[in-house]
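Pasting the structures in now, so scroll down.
Paired with chain B in one complex and with chain C in the other, chain A is shared by the two complexes that follow.
Now for the complex of A and B:
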């Protein structure tokens, strides 16, 4: 194993992990506010990738510029899904039922994407997708660097929204205690709808980078959702910071194990770490209660 | 209420079980006896991966099966019976494929079954069909694990995959010393289709003095290949042999290699580049230049049966011969081989079909001659290596074969 391979593994881990953080943040935000496990998050990522692909193919719009179209579009998709399906879920079985309902939504979108785009794999292309630059002897791929910057910008914007605005205070109050939040006059339902929209909208950015770094079809969502769920379980269900730390930690750990030892053990090592963390802290690294009082 | 004695309960259970077995046996015998009423369609049951990891291949297989059925129906069907395909989706799941074949045989009462996509699914599918006495002709289960299962009812019409890379390995080992690469890296998914192929190539190339710089196995469910590809790139081997099952894997390695400014002299992937237009769309035509893939068939094959199928495919779906996924030919071959078995045995009796397929008769298909050994392997086909040369997908070895053209070597630089 060469030192450069290890350096690459660490750099890849940080850059790629930040993109996973974008996808996982939406998932954990939705769970935190609504107690909904959104199995459809994986297909929303793929939908975001297809939207970026389509507007570039048909209108020639750069995928990063196209985010000004795809993010609002997915926000609307999220609102429609929440109003159409999620808002109807009530009672103690809400979380369990949400898995089935969002799985159904996922299948519906997957089927539609297969009909529109076929099952053949596609990939977003742009000048920066395959190019790289050298810095301190290490090649940095433009797409991963741009993706990292995008993740930092969007996660910062999300942080500002949640911690520096009146709406954010409402979200945090709902995260902490929905009943108490309602009692002090917060429209929890409205907050939930907007949060579902935001949680879906951020997948447009994650999806665009995913689609530029991977050939994909609608079925790519299955591998994605399993990773995203493990990320938010490790980080702590409902914890935004936890999703960020767990994303980067997971990808970096897998990459380093893959280079130092063997890729075969990468995933298993991550799950061993996950089991150890959960046995010591069942609520995850930054468990729900911590996040809600942060 | 008076309780039944244990003996009576056992007796009743035994009688009920025996009745059920007798009914099932009668049902199965009826389904596979070949005694179809005049005008009744012959139902063929198939489980395909129409969603999930193998969906691209599964849907290409569906096209191949449907094209064969359409062409065969245009020529009178099977023994005068119109062919009706009953296709169920297994979502690329080895569990669902078992349920599907059980349903197809015991509920839909199909007369014949065709195989699913991938070696991974062929083993459980074949075991299920064997339980009911059905012959399973298939086109995508060529891994050693399929034949090691010793199923008496599974017949693979395609090339056994273990020797797929042999022509490539022999060719590169035969290059003059000045041109012959000195180093190679082997990296593969832990899939039953890919993993057995690489050691065969490694052994041949090592004998020729091509040093192995690494042999890395990665899990099939990886979603991010960057660090694995970067590790390969960092080794700077002159040849990369990639054990891949799909386009995204090959695409990810190509992308990472270009980003690392690493361009091997030769790059061959076990699957992905054989998917025609789907591969070019994902990686870009310029970047595909020089990429190689082993296989037994390509759209430009001179085989008259293949030419007819290619013409029928283009008529139905459009495009060019290079656009056709090799899965289509594999599926089509399944239909052709079953047609010959049905016609030779004058019916749909699976026991007779099994005996016929085991008889060692040489059959024909769009992929070339088919002859099964006792394990159900096709022992007649020849392995070829194909290469993308611009937007053309051409046969490059065995060198000296009349259909082979000159190999582009070394591989041109990446051009995104």
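Now for the complex of A and C:
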């Protein structure tokens, strides 16, 4: 293996991985606080990408500026989905039901997107998508760096929100133990709704970068959601740091396999690693040991 | 009550058996074949997931293994196209079961929520492998030996073999439900740690249940491959299949015997009818998604439990009314 290929794998792992980390954080946050597996996260990413694409196409607004519109929009979409459907789920099969409900939401959005934008692939274009620069002897489009900066800024903002505010303390309390959090006076339902909104809102940013670095259509959501689910399971479901480490690690690994072996097998490696890790450590890399599961 | 239920089963079976005799239009009997395939799969899925509470979303692996068993063996053994190919159906089921053993051994190391995600991940490993390796025909698919039955006859053998699969899956599911093994699975669903504490060998029970459930799904996959005559990796290893059969079981009644049959009957015939009437597949996705949401939100326990609750409540109310009037009578008599 040549040195530059390895450099590429590492740099791309960090740059692209951070964007995945942003999307995966939303997913793991929702699971941790609400015990909900949000299958619609994949289609939310695609929705974010399409919004940025449409805003640029019709109003000529730069996708990065457009985030000021798309992030609040997806936040509202998340709140609506949570209030409309998620909040109604109760009982022992809640998690299983949440998979089905979010899958249904995902189908609805997929169908609508297909009708509006057709099934042909599109890609967000801008000068920073087309131009590239040399880094450690490898060429990168500017979008990778911009996307990385965006992801770092948003992840930092999220970190501040979760670890330095009163609201963040209630979220972390709900992550740790929902019943205990409710007992000390935290409005867990409200926390859950807002978390779902935040978890969805971050996909607007992730989607924009995804849409600029990949040609996409509505069915890209299947590939996305399977990767995101793998990442959060690998990192340990509900663990925010785990999602970050797993995202970067997995993208790097995929790149290395793609270079050493063949790109055809790189996606598969992704899933095989999951299987191996879980055989050795069923709770994921940073997951809590589950004593009793209801 | 028992007589009523027996009569209902007999009536349902008779209706299914007579359907192709009454309706001869091949377009509708085709819908019938697909519906039966899904009824068998949903019942079999429910036999593991419904009884243990472990939602498996990777059943398309078994379906795909069954379909490729049928395709590869019939092609490479130069089989005479015709009814003899039906012998490959149980072989498909057997291979699906064998493949499921190592998958289950890995996936069942974790508890519920994570199990769901792992089955999805393992499914994608199989889908990607099937698309990438050469012997599956990759994206251009495989063409099975062409069966030259006349158009009016073609669907009939498939329909009755499909019905056979449904009967097999239902009887197996009912027998398991009443056995000690079935009770152990239900105990796992209610409280796995307690079941373990009471001496249920949970891992062995789950693994056996998981592998057993794949047998019918594998057979259904093989039947599907033979029926459609050409298969593609992306269609036999289809994520929509995974979710569809789960939805069918939930729609009818998760963990019940008749639920998955009813759910599959309603959903698959509706889905096929939609595809037949609307060529616009996006509209179909929207309708399917909306129906899906309505069902889960308004009948979260499925049709069977929904109806049963209504009936029980009504019977209770009538009994209460009778009891009340008797008290009044007794009161006035005294």
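We adopt the following convention: the second predicted complex is superposed on the first by the 276 of 294 C-alpha atoms of A that agree within 3 Å, B and C clash if a C-alpha of one lies under 4 Å from a C-alpha of the other, contacts with A are read in each partner's own complex, and residues count from 1 in each chain.
We adopt the following convention: a residue touches a chain if its C-beta (ideal position, glycine included) is under 8 Å from a C-beta of that chain, and two chains touch if they have at least 3 such contacts.
Because the structure is predicted, anything quoted here is derived from the model rather than measured.
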item: Fit-or-clash call for chain B and chain C when the two complexes are aligned on chain A; value: clash
item: Partner chain in contact with A:237 - chain B first, chain C second, else both or neither; value: second
item: First, second, both or neither for A:267, with chain B first and chain C second; value: both
item: Which superposed partner A:213 touches (first chain B, second chain C, both, neither); value: first
item: Contacts of A:222 with chain B and chain C, given as first, second, both or neither; value: both
item: Which of chain B and chain C A:115 touches, first, second, both or neither; value: second
item: Touching partner for A:278 - first (chain B), second (chain C), both, neither; value: second
item: Which of chain B and chain C A:101 touches, first, second, both or neither; value: second
item: Which superposed partner A:13 touches (first chain B, second chain C, both, neither); value: first
item: Among 38-46, 74-82, 128-136 or 344-352 on chain B, the segment whose C-alpha atoms clash with chain C after superposition; value: 128-136
item: Footprint overlap on chain A, where chain B in one structure and chain C in the other make contact; value: 110, 114, 222, 264, 267
item: Chain C contact footprint on chain A (complex, rising order); value: 31, 35, 37, 85, 88-89, 91-93, 95-97, 99-101, 103-108, 110-112, 114-115, 222, 226, 229-230, 232-233, 237, 264-265, 267-268, 271-272, 274-275, 278-279, 282-284, 290, 292-293
item: Partner chain A, residues of chain C touching it in the complex; value: 53, 55, 57, 106, 109-114, 116-118, 120-122, 124-125, 128-129, 132, 192-193, 239, 243, 246-247, 250, 254, 280-286, 288-290, 292-293, 296-297, 300
item: Interface residues, chain B side, partner chain A - complex; value: 50-53, 55-56, 58-59, 92, 190, 216-219, 221-224, 226-228, 230-231, 234-235, 246-248, 251-252, 255-256, 258-261, 275, 277-278, 281-284, 287, 414, 416
item: Chain B contact footprint on chain A (complex, rising order); value: 2, 4-5, 8-9, 12-13, 16, 110, 114, 118-123, 125, 127, 129-132, 139, 141, 144, 213-220, 222-224, 227, 251, 254-255, 258-259, 262-264, 266-267
